[in-house]
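These are the structures in question, set out in turn.
Shared chain: chain A. Partners: chain B in the first complex, chain C in the second.
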Partner chain A sequence: MSPRLVEKGVLNPLADKEVGEIDLNPFPDDFERVALVDNTKPGANVILATLREALGNRIFIEVKKAAGAAATLNQLEKAASAELAILSLADCGSCTSWVVLDAIRLEEMGIPTISIVSNRFAPFARELASTHGLDDLRLLEVEHPIAGLSVNEVEEKTLKIIPALKYILQIP
Partner chain B sequence: MKHWTERIASDLTNWNVEEHVVASGTSISGSIHIGNSCDVFIANAVGKSLQKLGEKSRTIWIADDHDPLRKVPYPLPESYEKYLGIPYSQIPCPKDCCESFVEHFQKPFLDTLPVFGIELDTYSGAKMYQEGVYNDYIKKSLERAPKIREIFNHHREKPLKDDWLPYNPICSECGRVNTTYAYDFQGDSVQYRCQCGYNGEMDITSGEGKLTWRVEWAARWKIFKVTCEPFGKDHAASGGSYDVSKKISTEIFNYRAPYPVPYEWITLKGDAMSKSKGVFFTPGQWLEIGSPETLNYFLFRSKPLKHKDFNPEMPFLDFIDQYDRIERIYYGEDEAASAKEEEKLKKIYEISMITPQKEIPFQPSYRFLTVAYQINQSPEDIYRILKANSQLPADMEELHFQELEDEDLKKFNERLDQVKNWLNLYAPKFVKFQVQKEIPHVELNPAQEGFLAELADSLEKKNYSSEELHDEMYRILKKHDLKPQKAFQSIYRVVLGQKQGPRAASFLLSLDKDFLIRRLRREA
Partner chain C sequence: MTKKDQKMDFPENSCGCLLDDILNAEFYDTGTQGERILIPPDVEKISHEFYLRHLTDGLPIIPPTRERVCKFLEYSIQEGEDVIAVLPPRQGRATVEKIAINAVMAGCLPSFMPVVEQTIRALGEEKFNLAGINATTHPVAICTIINGPVSLKLGIGRGVGCLGPGNLASATMGRAIRLCMINIAGAVPGVGDHATHGSPAKYSYTFAEAEEESPWEPLHVERGFDKEDSTVTVLGLEAPHNVNDHRSTNAEDLLNTVVHTASTAGCNNSHVPGEILVLLSPEHATALGKGGWTKKDVKNYLHQNMVVPVKLGDRGGRRLDEQWVEGDEVLITRSPEDVVLAVAGGPGRHTMIAPGFGSGSQSVTISLNQNNPS
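Moving on to the complex of A and B:
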């Protein structure tokens, strides 16, 4: 019996800083289509639903992807059909890596992003983004933990980041 | 693409209400400037966007004229310090020209609003108290004082005292409202003490007192059924007025707090506007130098939380150039950098417009007029100068001044007035000049003499466009081995009696040709 080979992307364990710097995409002055990228971590959907409410009358493109793997090309393209993407949730080592890397790939595709990261994993997310040439990747910190909380508790934590979200997006 | 005011209106359509009320309000603590009247302009734009979406909407403005005077506003004398703490509504007019202090400062503001196309229902906070509009809310606030204290304390480092009540009577002895402390009540009667030493009782239905600001704001939302309200960023801070009033609104008055629209303050030449220090710029002052649409454009071209600085001096000319360009883009007379940019700029222009027009309004260059007006003040002569300098749009190039359409003539005269005011009020010294009636006594070197004489000959032989004249001047100055600076200086010195002046070619073409030739030859 011959072994089945599966190709997987792995992070560079040495975390060398990549040479090229990537420019963050600016947010459009006004936007109609927003991609909500849900990595199915507990609470990610509640966070995105709460943010969606705060963004008012817009078209939302929902993308679901696995927390422990990179987004597929189809998923990225679906997200890139919006004018900006919000990715949730980075609250553990593995999912933080993939949220950051997915966000970077979207930025490379020309889509401005905001990644929701728990404050516990924000330093790691920042370091990782910097390693990939995006020092200023937009991270919105939500209070850790999220897993294990009730819907109301996650909503309450999310409501606290809405002023920052609106400020970043320059919307009233 | 939607403008941000349209976005707000779009979001508000989700509110299941019969009528939207977009509120604005201003403390009458002095001259009302473009910084603290932002909410009025934003409220008006949101209200109009709501109406475009088919929603019923009205815009209201409440004068916070029952608030105490905290600082003496510019330009009132120090003697007004005796009114510190007194409600604005009870302070006399500083110049005996109006019924009150409030009217003195709010009238110039309200009078300009129709020019901006702003329609508001206006209310006086003081009158609302006197007419008993707040009575039920005062009673409820006194009854629910422990809960209100709890809401306040949630955001305070030093908690309020257990006997604190959310109401400030106007002291019967000293007349101040910010020095009283209400500590008990029975029925409609509130007991208080004042820092002046007076202890007294106040009937809450008398109108001689007011709710604490954050409670008053929440009460007002319910009274008027407010669904949206713009306000300065100071109210929007975490744990600030809006957060506290929102809780009071929902938990005490059972009313959903309005859609908040916080906005950034406007600075004047980098300084924070201050009524007491006299650092401000009013909508009335704006109308002296610019059309009402240009103030709308200034306020609506960027997002509300983006910092805006206004400088009425030289940067104002760049600003007007920018506005004129956007106007041309809107009417297809100019091109934006990209299709996206065009869409954005057209939307901002559309929101800034007061009366929609089918064709581009006549927009003689403001910057050019600052030169032309200093040469000749007659509109007809200035029109001729514009013509001579190719400053008229293609469809007007052949038109004589007398053939101008009424609307074009009106726009022309308005802009001339604005330019005149700008020159008088804000133009820096280096912009100003005066054509000398007599030949100024100046000493020129032979090369400069030769340059001027040959320039006079050239002008005598041919009618130049400004580009052609520019080239001709360079040809002559090179022939005389003159540096451009020295050559142009010689022109300015014989015509203006100073070393510098406006761009030479178009300036010379703006002057009477015979006069110019004789002056260059130093004959007249």
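Moving on to the complex of A and C:
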């Protein structure tokens, strides 16, 4: 039998993932204290104000943190003093990273979260959450874009996600 | 892959592509399927296959055969399976072997491996915020500055055209970092890297400081290392912008040209102040040194004078951080330390400035010595 010419194999440059394992926290049946985590992206505060109105007469804890970077421990602890946290806004790459990662840090602290994500960055947010072991991290999608819009336009887009918010929280 | 599997008889520091490498390598295989002659993989075919799998930066690659990767592993003091860092957003485990594979693909020489490996270690530090840097819509790239004797030993670009093409070490090490970001960190454009336009600086952004041309202590000495230490500094930076000043005859005028070029509203620093690289050409640095200005003087002057009007500063992605507002202006650096001052380049009266990611990332300098077996 004549020898065959065979190309040498090549090694795979793709790394294995360090997949996390975290359990999602259930929402309480009833709740009074809600943390509103504003990453100061344009329109984030308008979205949170609109959601706040829809949540009725409760205690709201306002937390401001930098977009594109991790929340400080103090900011996280302040948010964790509530029974649940809503984080806004993931409408770019780095802010999506840190809305999702901060939400995961809060879930690790035992606080159930909802993250507001623009529909253009929702696939990335889901992939990121999944990498950290939270396939079902709660994301509410608003229509992209938010930046550059008037207050009225942002409110209008936010109103569309309120039924979904109420359904997730199981409130009237 | 462990060290004991790696012994190959290649010429010192070749990439494994030379004819001698191929002839010296084991190329007969007499397995159950009969006698086979193993030949190197087809470069064009492998490049195209890798390209279609989104494993490249778009340019052809050197196929990462086991032999080539083994050569690189010999330059690491760690085992192939050792994890150097876990890189976001994909949370990829940056093992020594995966780093080596990507360095081979980039066209590095094996002796570059310790620098690439330590660069990845630096990028894994929390304060660098790779999760933000890789995923952002902002065109921030990873810049690496090499200081100390290793920069001369490896021939890293420090003179004419040090930020451009033509230098093997700079071009391939910077490219290796980018390929590691793509294949380990998952910074694939549109998947884990969301930069609106991307940046040419994302292909490669590596150079050495021309320490012998500087009137001051080099960057790594300023950061607490000995002059004889070798270090890598990683910074999240935009692509560099030129400062052309041929006519200033005193330090203040020259620095004012730098100030005017750097004080722009569209950069991240305008609303969330942070680091900025000021890369002086040797002629500019010499002029400042001759004028009696210390490095500290220059950094202080630039910090105090690089400002933008508040009205223009508060237009960025993040709300203007009011603690940096002074009157109707906002500082673009938080302190003189945020002015990262280095000297490199060839003849000519040009300086380069590159704003950073703002307050969202902090540069990291680490030693290369601990990982260099030579």
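Throughout what follows, the second predicted complex is superposed on the first by the 152 of 172 C-alpha atoms of A that agree within 3 Å, B and C clash if a C-alpha of one lies under 4 Å from a C-alpha of the other, contacts with A are read in each partner's own complex, and residues count from 1 in each chain.
As a working rule, a contact is a pair of C-beta atoms (placed from the backbone, for glycine too) under 8 Å apart; a residue touches a chain by one contact, two chains touch by 3 or more.
What you see is a predicted model; the values in this text were computed from it and never measured.
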| item | value |
| --- | --- |
| Between chain B and chain C, more extensive residue contact with chain A | C |
| Which superposed partner A:Ile59 touches (first chain B, second chain C, both, neither) | neither |
| Partner chain in contact with A:Ile171 - chain B first, chain C second, else both or neither | first |
| Partner chain(s) touched by A:Val151 [first = chain B, second = chain C, both, neither] | neither |
| Partner chain(s) touched by A:Leu24 [first = chain B, second = chain C, both, neither] | neither |
| Touched partner set for A:Leu159, first chain B, second chain C, both or neither | neither |
| Chain B/chain C common contact set on chain A | none |
| Interfacial residue positions of chain A with respect to chain C in the complex | 1, 3-20, 39-42, 66-70, 92-98, 101, 121, 124, 127-128, 131-132, 147 |
| Residue numbers on chain C that touch chain A, as the complex places them | 29, 33-42, 46, 50, 55, 63-67, 69, 86-95, 97-98, 101-102, 105, 126, 129, 131-138, 179, 183-184, 191-195, 272, 317-319, 321, 357-361 |
| Touching residues (chain side chain A, partner chain B) in the complex | 28-30, 32, 56-57, 163, 167, 170-172 |
| Residues of chain B that touch chain A when the two form their complex | 1-4, 7-8, 10-11, 13-14, 238, 259-262, 303-306, 340, 344, 347 |
